[in-house]
Every structure is written in structure tokens, then in C-alpha cells.
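Here's the structure, in C-alpha cells; my notes come after.
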Amino acid sequence: METFKKKRVEIILEQPMVRPMLHLIEKLGVTGYTMLPHLSGKGHTGERGETDLSGALANAMIIVITSQDQAHRLMEQGLKLLTDRTGIIYMSDVEVARDQHF
Amino acid sequence: MGDVISVAMGNLLTPMVLFFALGFIAAQLRSDLEIPEAISKGLAIYLMASIGFQGGVKLSHAGFGLNVALSLLAAVALSFLLPFLAYFLLRATTLMKRETAAAVAAHYGSISVVTFVTATEFLNSQGIPFEGHLVAMMALMETPAIVSGLLLARRGASKDGGGLAGDNPQMSGEVLREIFVNGSVVLLVGGFLIGWTTGDRGMDAVGAFMLDPFKGVLCLFLLEMGLVASRRLRASKLGGGMVLAFGLYMPLVGALAGLCMAWLLGLSVGGATLLAVLGASASYIAVPAAMRLAVPKADPGVYVTLALAITFPFNVVIGIPVYLAAATWLFG
Amino acid sequence: MGDVISVAMGNLLTPMVLFFALGFIAAQLRSDLEIPEAISKGLAIYLMASIGFQGGVKLSHAGFGLNVALSLLAAVALSFLLPFLAYFLLRATTLMKRETAAAVAAHYGSISVVTFVTATEFLNSQGIPFEGHLVAMMALMETPAIVSGLLLARRGASKDGGGLAGDNPQMSGEVLREIFVNGSVVLLVGGFLIGWTTGDRGMDAVGAFMLDPFKGVLCLFLLEMGLVASRRLRASKLGGGMVLAFGLYMPLVGALAGLCMAWLLGLSVGGATLLAVLGASASYIAVPAAMRLAVPKADPGVYVTLALAITFPFNVVIGIPVYLAAATWLFG
Amino acid sequence: MGDVISVAMGNLLTPMVLFFALGFIAAQLRSDLEIPEAISKGLAIYLMASIGFQGGVKLSHAGFGLNVALSLLAAVALSFLLPFLAYFLLRATTLMKRETAAAVAAHYGSISVVTFVTATEFLNSQGIPFEGHLVAMMALMETPAIVSGLLLARRGASKDGGGLAGDNPQMSGEVLREIFVNGSVVLLVGGFLIGWTTGDRGMDAVGAFMLDPFKGVLCLFLLEMGLVASRRLRASKLGGGMVLAFGLYMPLVGALAGLCMAWLLGLSVGGATLLAVLGASASYIAVPAAMRLAVPKADPGVYVTLALAITFPFNVVIGIPVYLAAATWLFG
Amino acid sequence: METFKKKRVEIILEQPMVRPMLHLIEKLGVTGYTMLPHLSGKGHTGERGETDLSGALANAMIIVITSQDQAHRLMEQGLKLLTDRTGIIYMSDVEVARDQHF
Amino acid sequence: METFKKKRVEIILEQPMVRPMLHLIEKLGVTGYTMLPHLSGKGHTGERGETDLSGALANAMIIVITSQDQAHRLMEQGLKLLTDRTGIIYMSDVEVARDQHF
């Protein structure tokens, strides 16, 4: 089976920022994403998780499979959106079978 | 005086306060007791829809008049103004950063539904009546404080440049949504209007769900609040005694403001107590998300901890009977 | 006629319909109000177990006779036959693809538990009795329509080749499971049998949970339904006025079929109203998953939107009192 | 004798047992019926807080005396000692590995809250009174068996080297937490103390939530238990008839031990029945996590299946009326 | 520490198809999988997520760590199972320490 | 945009072991992690998932982005912690933009 190289961008961010980030993804013209809600974690801003009732301390993950170019753009502009905020972005290589789907 | 103390002790030995204490102690003992997040959100939705509905049914008895309209305006004003006072106190007595101080201030202008609800049940158990439109006042006090918080944060930002996310139009839209159609505002106002419209007929139909189990559900929710407050307290570093002190004296300041307002509005003793509670309590549901969006540099560790782990327990355990005593002394 | 209108207005001002409206409006205003998924599933389970149980207790009074057996058969037939009518109407009036039309048709042969339950509470509030075995009829109408939907889709497939997943034996097993032991069928039938077996003794034991809070729980669930329907409406592109129109006239067609059947079965006015409601309502719990499995090419955007965002609100707000009026006029 | 059978048949036809059967059958038919995990945890929390509270209120009537203190000690002893008996029986009659046998033994020393609660409702429906402190005994029996299980597993480990995780200090801390501040222990004991403190006044305040719907909530929870037990049974390979047999005779052995203890303590018929139920039932909430942590080599497929899928159904369907019959015959 | 190269296959699909897909995984003889329920997302078939009550619009993710060969087989046959359906499959390289476990 | 090479370690383990594993992560001096609760799955110890009420049979995933060295250490000591237990660990390459954050 022939496969095509894409990037998998993963964004871990605070719940209230999910909508703005999805808005950015849309604006960049990326064709899809997947969202995992209700995560907990720890980083430079300390422990986070749904320990309060507001959701302000909960984490979520957004996964995006896209081309190398789009991935770089998303990483750059995503990091800008997260300036001064809690959250991380990283990317890795993946192979897909349907090149045109992503 | 002896009376106040016996009433306060009576408060301490209600199932509600005891379940709160149980949760608090369990978390301090590092128990793995946990209420699933969906359940606590479900209980919160029940409490908000129900207290709104109950208030609306009460107003359907009393009718809507000028004094009610004035009270609603006053509530908005109180929520809007309190943050300026809180911000001033914070900046004068602590080393807190501008953004964090602004965010904390917004929380104290807003209100805590569960504190209010606990106070209504306390009044009910003492047989003290209160006006139904207090519930509508509560609903309207949820979010004006967010605006004040933003103004305060922006004022800081113009001086030291940045830290505010309001320029991004997408973000502004999100913040406006939080202010006007925040889920808890919608539930409280909506439940209130439904109670008002359907009145006693509505209460007959759904009272077995909306009214009878209310106090028991509140116990379970306070158990969860105890767990949450206690875990937050353990995880937090508030950084300084004056910050912690703010969490204890600011409710008194807010309660005083509430009592003054109650005097202006001519509320009953029960109503005055509840308005004091609204002034005294701090939001931990509606405001934090708005602050995360709009004032990213503000430290959520500080504002969530103060509102949830210091001021909330203080009000539930000590504040409520104290405010009742003050209202009785002033207006009784 | 004046009577019909006043009854319909009375329906509009019940807490149930108002909570539905609240949810609907909140979502249109883009509020972030959200009922956790686990809670809405929990409420649905409660409503199904409880309505089943209530129906069974009722049947334990009336007893099981030939007319009950005939009614059950008739219910299966109605659910099986309605999709053919719906498919014909869709293909005649819209440009909808065969697979999607077959899937939509299956939804309209099946029923909506919440619409039924809202109608029973409406009848209760009007003091109109109905037969307990209507609940069993509802349970049996959940899934025969799935079979019809598959037959219709297969008929299409044989013409234009493909789009059906039924050949894979694993998939067929899944679909059969959906038809015979679907969760909601099991709950409704099971609750019914338990109510029937334990009768008044059972009701005495668990009525404080299964009966008293029922109407209030329904309010909360309708709040969620309002949110869901409204969000679905905003996300959807139904593609054409005749598709939307189908969502509005098909309930009337189904209700008429239900009324005819009620006449044949000699049901009471209350029973006839409920059978009309069953004919009129469309599934959005049991059928969609079966259609996803068996008819992948059918567009879920169309069938979920029609059932949930068009027909459900229509029935709850307008349909139910209209069907009651019609039943009263015909059989009263 | 005829009486026993009619009482047992009466038990079979309660809504509780029938809902359990419904869940069991649904899962055997591979229905997709599913109670969201958050809901079943929420129901469990309700049942534990409520049964604790009810017991405490009862004790506030009877007062705390020497016999209560002795009963509590006896409960701890029973939970601690039963695992040694269970381990001996398992090792004598099956080929089960040491670690797994030790873990299974721990489960049978501990108790099942839902079995207990089902038994209290059975007694209530028969009009048979029981002592309130039985609830406290249950709470205290939750975890001493964990210690015995660890001792047994360690004894095995010293012989064949390894398989125990107790040397890691982090792990020991976790296990100690499970023993002393396990969530269910905290809820049961906490609810009990709150009921005891607030007494009838507390029950007046929250009885509409803590008492009235209790039996109905139990039905829903037993539905879930039926699903869980049945699915576990299908997924399991217990490996041998003598293992399965243990799941059926060990409850009888435990019940007998409970009855002896009841005789020593001079309990009423109702109290003796409940102590038999505590002896007979096996934990599936508190103990499994502790065993996963401390005895990793023990096979959870065996101990969860035995406790949940064999012994639990046996007790609920057959055991409870049998223990009542035995208690009546011995003490009645 | 010595590590061994494996493939990580990720399948994002609609909830009703989870059981058929797990059946396929079993049939291929893969030794394990992990399932993440209740995801939302967006792709060529539009927005998806638990916004209805049927679960028909919910997404799930299945993760499989396996050999290069099995991964290719799974991708091929998995895509076939998803023909005409909503869902994506992609794979990437991972390293494991216990070669025989996967 | 310049990116830096890191490792993404994923640990799938039984719920009761989450706290001990987070303790190990902390002890190693890794700066962050993300936790995904409530997963189901299948492996050498059979099917797992929240099918009981104790959580003893539930799975969770922990994701750690860290340096090559730390990743190897985590994999080694993590596997030791999971001796005789159910659970898997694997790692893969990722790129991040903020080198010092991880």
C-alpha cells in the first residue's frame, strides 16, 4: 500500500481556549481536527485538571493531521495564540493512505 | 449575643455544613473519594434551575413592581462597583500583580450560587421569609463584575503594555458570550422566568422534583464543594498572609455593602441577609473562564483558590449566620 | 375551536414546554450552557425505565386481554408500514438520495420516547386517562421501522449497486442487535414487565422515585432536548424547503395513521391521542445508530436534523394538543 | 418451611430483584444497554451517603452504649478473620495460585454495600426492624480484610519470592490510603456521623432526598449491577468448578460466621440477618484497587468475577431470604 | 536500553463502527489495542461529536501498536471497512522495549 | 520556524497505578505530563475497561514530552514499575518549537 507523509500536530491547551484555537485551525484552511476533552496534566504553570467547577483549570487536546507546510503554520500561529498562556504544541511524522483527504 | 452564637452553632450542625466538612476533611486525609465531574455539573444545573424556579414562583405571588425593578438595577450596580473596591484593597495591601488583582476583584463582584442557596436553606430552616426577586438579583450579579475586571486589567495593561487578549476579535466574542449568555445566568434567569410564568400551577406540577429533594441535593453538592475547596487549598501557594487575609475580610466588606444596599431598597431581614451574602460571596463558576480568556497573565491559582478555598468555606460556615445576625440587628 | 386553542395555549405555558424553549433559545444565543452527556443519558434511562414501569402497573389493573394483544400487533404493523409511506412521499417531493430517504423513512416509522412521555404528562395534567398498554405499544414500535428502512435501502441498492453494509456478517449481527435488543427497547419492555408483575405493591415501594419526580425530571430533559435540537438546527443544511416541509407534514400524516389505527382498536380518547403521537413522532435514539451501521451512504445530517430539530419541536409545541383535539373530535 | 419459600418467592418478585434480573438478561442477550459510568458512580455515592445517614439517625434514637462499641469491635474482627478461613478453603479445594487466593480471600472478608442495602430494604418490606449501628459495622468491615489479604499474600511471597509490591514506599502509602480513607469508608462513616449528630431534625430536613427515593434509586443501581455482573460472567474464565463452587458456598460459610457473631452480640433477628449478609457478601468496590496495587500477580479476572458475578447475584436472589430464614429460626 | 521499531496505527471513526473495527483487529491477529471514547472532531463529512442522543454522531479513537506488516494490513483492511463512511487512519513509528509484547 | 527534537513517551497502564507512575515521573525531574483517564483496551492480560465499579479494571494513558535521555530513563524505570503488571510503554520522535519548555 502506498502511503503519504503528513504531520500530526498535537495541541494541549486550557479548555477556555479550545474555541479560539479551533477558529484559528479553520482560518488556516486545515481540513480536519479531532478534540479530546477532560484531560489533566502538569507543566510550567503547575498542576491542572477538572478540580474546580468552572472548567477554567481543565485541559484538552486537539489533534490535526495535515501537510508539512500547514503544520508549520499551525505551530507558529498556535504558539502565538497561546502567548502568556498555559499549553504546549508539538508535531511528528505520520503516514496516511489517502493523500487528498488531509 | 448569646442568640447569635446559638444560631451560628445551629448552622454548624445542619446536614449541609456537616457534609461540607466531611468533604473538606476527606480531602485533607487524602481520601480517594471523588464525585464524577458529570455528576457535580448535573447537581449544579439542578440547583440553579431549581432556585431560579423557586424564586420565580415567589415573585408570581408578590408581583413585579417598581421596587423589584429598582432592586434589579441595584444588583447590577453592586456587582459592577464592588470590584473597584476589591482591586483598591488588594493593590494597597498586597504585592499582587495588576492582572491578577483585577481578576480577583472580578470574582468578588460576582456571586456564588451555592453560597446563596445554602443561605436560603438556612433562612428557611429558621423560618425567616425573603423576597423572591432576590434570586433574580443574584442572576444579574453574576457577570457585570467581569466588565469591571476587564476595565481594571486594561487600565493596568495600558501602563505596562500587553497581557490582555481583548484585541483579538475572536476572543472578544468569547468574552462577550461569557458575560451575556453564560450558562449559569441563562439557567437562573430562565428558571426564574418559568417559575414566574407558571406560578403555583407550575410548582404543583414539578415541586416534587424542584422543591422537595432540594436540601438533600444541596448536601451532596456541598460534599463535593468540600472536597474541591480542600484539594485546592492543599495545591495552592497564595503567596502571603495579606492575600489570604483578603479572602477573609473582603466577604465582610462585601456583606456590608450588601446591607447598605438592602437598607436603601427597604428589604426584609431575610432579603437583607441574602443581599449581604451576595455581596460577600465570590464566583468560582462563571468568572474564572472569562478571566482565563481575557486576562491570561492573571494567575488562576490565586483567584480560584481565594474564591473557592478561602471565601466559600468562610461564608458557609461562619459568614451566613453572622450576616443574618447583622441584618436582624440593623433591620429586625 | 376556542377550546382547542385554549388547551394549546395551556400546553405552551407548562414548565415542560417552557424548559424546552429555554434550551432552544439558549443555544440560539450561543450560550455555553451544557448538560453533561452522562447526565442526559442518565435522565433518558430514568424516563424510559419509569414510563415502562408506570405503564406496566396500569396494565396490572386492566389485565391482559385479546384487545391488548391486538394492539401490540397493530403497533408493530404501524411501525413497519409507515416508512413505506414516508419513503414514497420523500421520493415524490424531494431530490433526496435513495439511501438517505430510506434512512429518514425508518426514523418516522419508529417513535420518540420523550415526545410520548411529554404527551402522557399533558394528558395527566388535563385529567384524561389512557390505557397502560400504550407504553408497550411504544416499546414495540421502536425498531420494526429499521427493517423497513433496510428493505427500502436494499431496494435502492440493487438498482444502483452498493452503499449497503449488510453483506458483511459482522455488520449484520450488529444491526440485528440494534433491532431486537436495543437498549431503549430493553428498558421500556423490561420496566413494563416489572411494573406489570409487581403492580400496586411495586408502585408503593418505588413510586417516590419512579413517579413523583417524573414531571420535573422531564423538564430538565426537555431543557437538554431544546439545546440539542437548536444546535442541530444551526449546524444543519437540510438542502431544500420540501425536505423541511416533510419534517412538518409527515407528523400529521403519521398522526392520522395513528388515529385510524386507534379507531380500529377502539381506544379511548387518551389512548388515541397517544397512538397519534407515536405515529407522528420520529426516533432519534434507537434508529440513527442502526442506519449508520447499515446504510453508510445515507446522510446523518439529514435524518438526525429532521427527527430532532424539526419534528420533535413541532410535536412538543404544537402537535400534541392538536392530536388531542383531533382525537376528542373523532372519538370524544 | 413453606413460609421460607413464600418469603423467598416474595423476594424474587420485588422491583429490586427484577431490575437486577433485567440487567442480567439484557447483557446475556448482548443488548447495548449501558448506564454511563459517571451515573453509576453517582448512584453508588448516593446509596452510601444515604444508608450511612439512615443508620446514624437510627442510632441517635437508640443511643451509643457498650453493646454498640462491642459490635463495632466484633465487626472489625470478623472482617479481619474471615479471609484466613477463605484462603484455607481455596488452597485446600482449588489449584489457585497463592497470590490470587490471598486476594480473593480479602474480598470475602470485606463486604458489599449494595447487597447490604438490598437486604435492609428486604427487611423493611417485611416489617422487620434492625439496629442502626449495623450500618457502622458495615463501614468498619470494608477494609480490615485488606490487611489480612496482604498478610496472606506476603506469607506466600516469602516462600516463592516476589510478586508483592509492598516494599516500594510510594506503593505502601497508596495501600494504606486504600485501607483507612477509602472513598466508600469515608462516605459511610461520614454519613453515619452526620445522621447521628443531626438525628430526627436532620432527617426532617433531607429525608425527602435521603430516604424517600432510596428504594427506587436502588432499583436503577441493581439494573446496572445486573449488567455488570452478567458481562463479567461472559468475559471470565474462572478455571475450574471448585473455584465457581467457592463463590457459592463461601457466602454460606460467611453467613454462618455472621450468625454466630450475632448470637454472641445478642442482635435482633433483623440485625442478625444483616450481619449474616455482611459475612456472606464480598467486596467489589474497595478491595480490588488495593489488591491491584499490592498484589499485582493476583489475577483480577478471578477475584472480580467471583465477587461480582457469582457471589453478588447469589446473595441478592437467594441468599438474603435464606439468611433471614436462618436468623428467624435461630433467634426468632 | 535496547528498543525495537513498531508502528502505531491510529483510527478515528464513528462510535457505531467501533465494534466492527475491533472485530477486524482481532481477526488480523493483532495482540492489543486501546480505545478512547467520546471524541469530537471535524472532517470531510462535517462536524461530529456527541451533540445528539444516539451516539451516532460521536467519534472514537483506536490505537494499535504492532509490527510494520500488521500495521500495513490493518491500514488497508481498516480503510476498506470504512469505505463510504466517516473516519481516518494513519500510522507512525514508535519504539518499544519489549519486542515480543506487540 | 526552528524546531527541536524531543521524545513523546506514552504509557498505558491500569488506573490504580497512575499515582505511583506520576510519582516516578516527578522523581525523574521531567517537567510535565498529560493524563487521559477512562480508556479501555486489550492486551496480554485480556480485555480491560470500566466494566466493574472499582476502577481496578480501567486503563489510563500518560503522555510525556521530554528529552531523549529522560525518555530512555522513564521507559526503563517505568517498565520496572510495571513489572508483573498490566501496561505498555512506547516512545516516538516529536518536534517542538520551545526547546527550553520540555
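Which chain is which? They are A, B, C, D, E and F, in the order written, and residues in each are numbered from 1.
Methods note: contacts are C-beta pairs under 8 Å (C-beta built on N, C-alpha and C of every residue); 3 or more make two chains touch, one makes a residue touch a chain.
What you see is a predicted model; the values in this text were computed from it and never measured.
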Checklist entry - Which chain maximises the distance between its CA centroid and that of chain A? => result D
Checklist entry - Which chain lies the greatest distance away from chain E when centres are computed from Cα atoms alone? => result B
Next on the checklist: I want to confirm something about chain B and chain C. Since they are copies of the same sequence, is their interface symmetric in residue numbering (over half shared, so same) or not (under half, so different)?
Outcome noted: different
Next on the checklist: On a C-alpha centroid basis, what's the spacing between chain C and chain F, in Å?
Outcome noted: 45
Checklist outcome for this item: Between the Cα centroids of chain D and chain E the separation in whole angstrom comes to 39
Item to check | Centre-of-Cα separation between chain E and chain A, whole angstrom | outcome: 19
Item to check | Residues of chain F whose C-beta touches two or more other chains | outcome: 36, 38, 92-93
Next on the checklist: Multi-chain contacts only, two chains or more: what residues does chain B have there?
Outcome noted: 36-39, 41-42, 212-213
Next on the checklist: Going by the touch rule stated at the top, which chains touch which?
Outcome noted: A-B, A-E, A-F, B-C, B-D, C-D, C-E, D-F, E-F
Checklist entry - Residues of chain F touching chain E in their complex? => result 10, 12, 36, 38-44, 49, 59, 61, 72, 75-76, 79, 88-93
Item to check | Interface residues, chain A side, partner chain B - complex | outcome: 14-17, 19-20, 23-24, 38, 46-47, 50-57, 83-85
Next on the checklist: Help me check something: in the complex, which residues belonging to chain C touch chain B?
Outcome noted: 13-15, 18-19, 22, 25-26, 29-39, 42, 125, 212-217, 219-220, 223
Checklist entry - In the complex of these two chains, what residues of chain A are touching chain E? => result 1, 3, 6, 8, 31-37, 65, 92-98, 101-102
Next on the checklist: Taking the touch rule as given, give the residues of chain D at its contact with chain F in the complex, in rising order.
Outcome noted: 37, 40-41, 44, 162-163, 168, 170-171, 174, 228, 231-232, 235, 284-289, 291-293, 296-297, 300-301, 304, 308
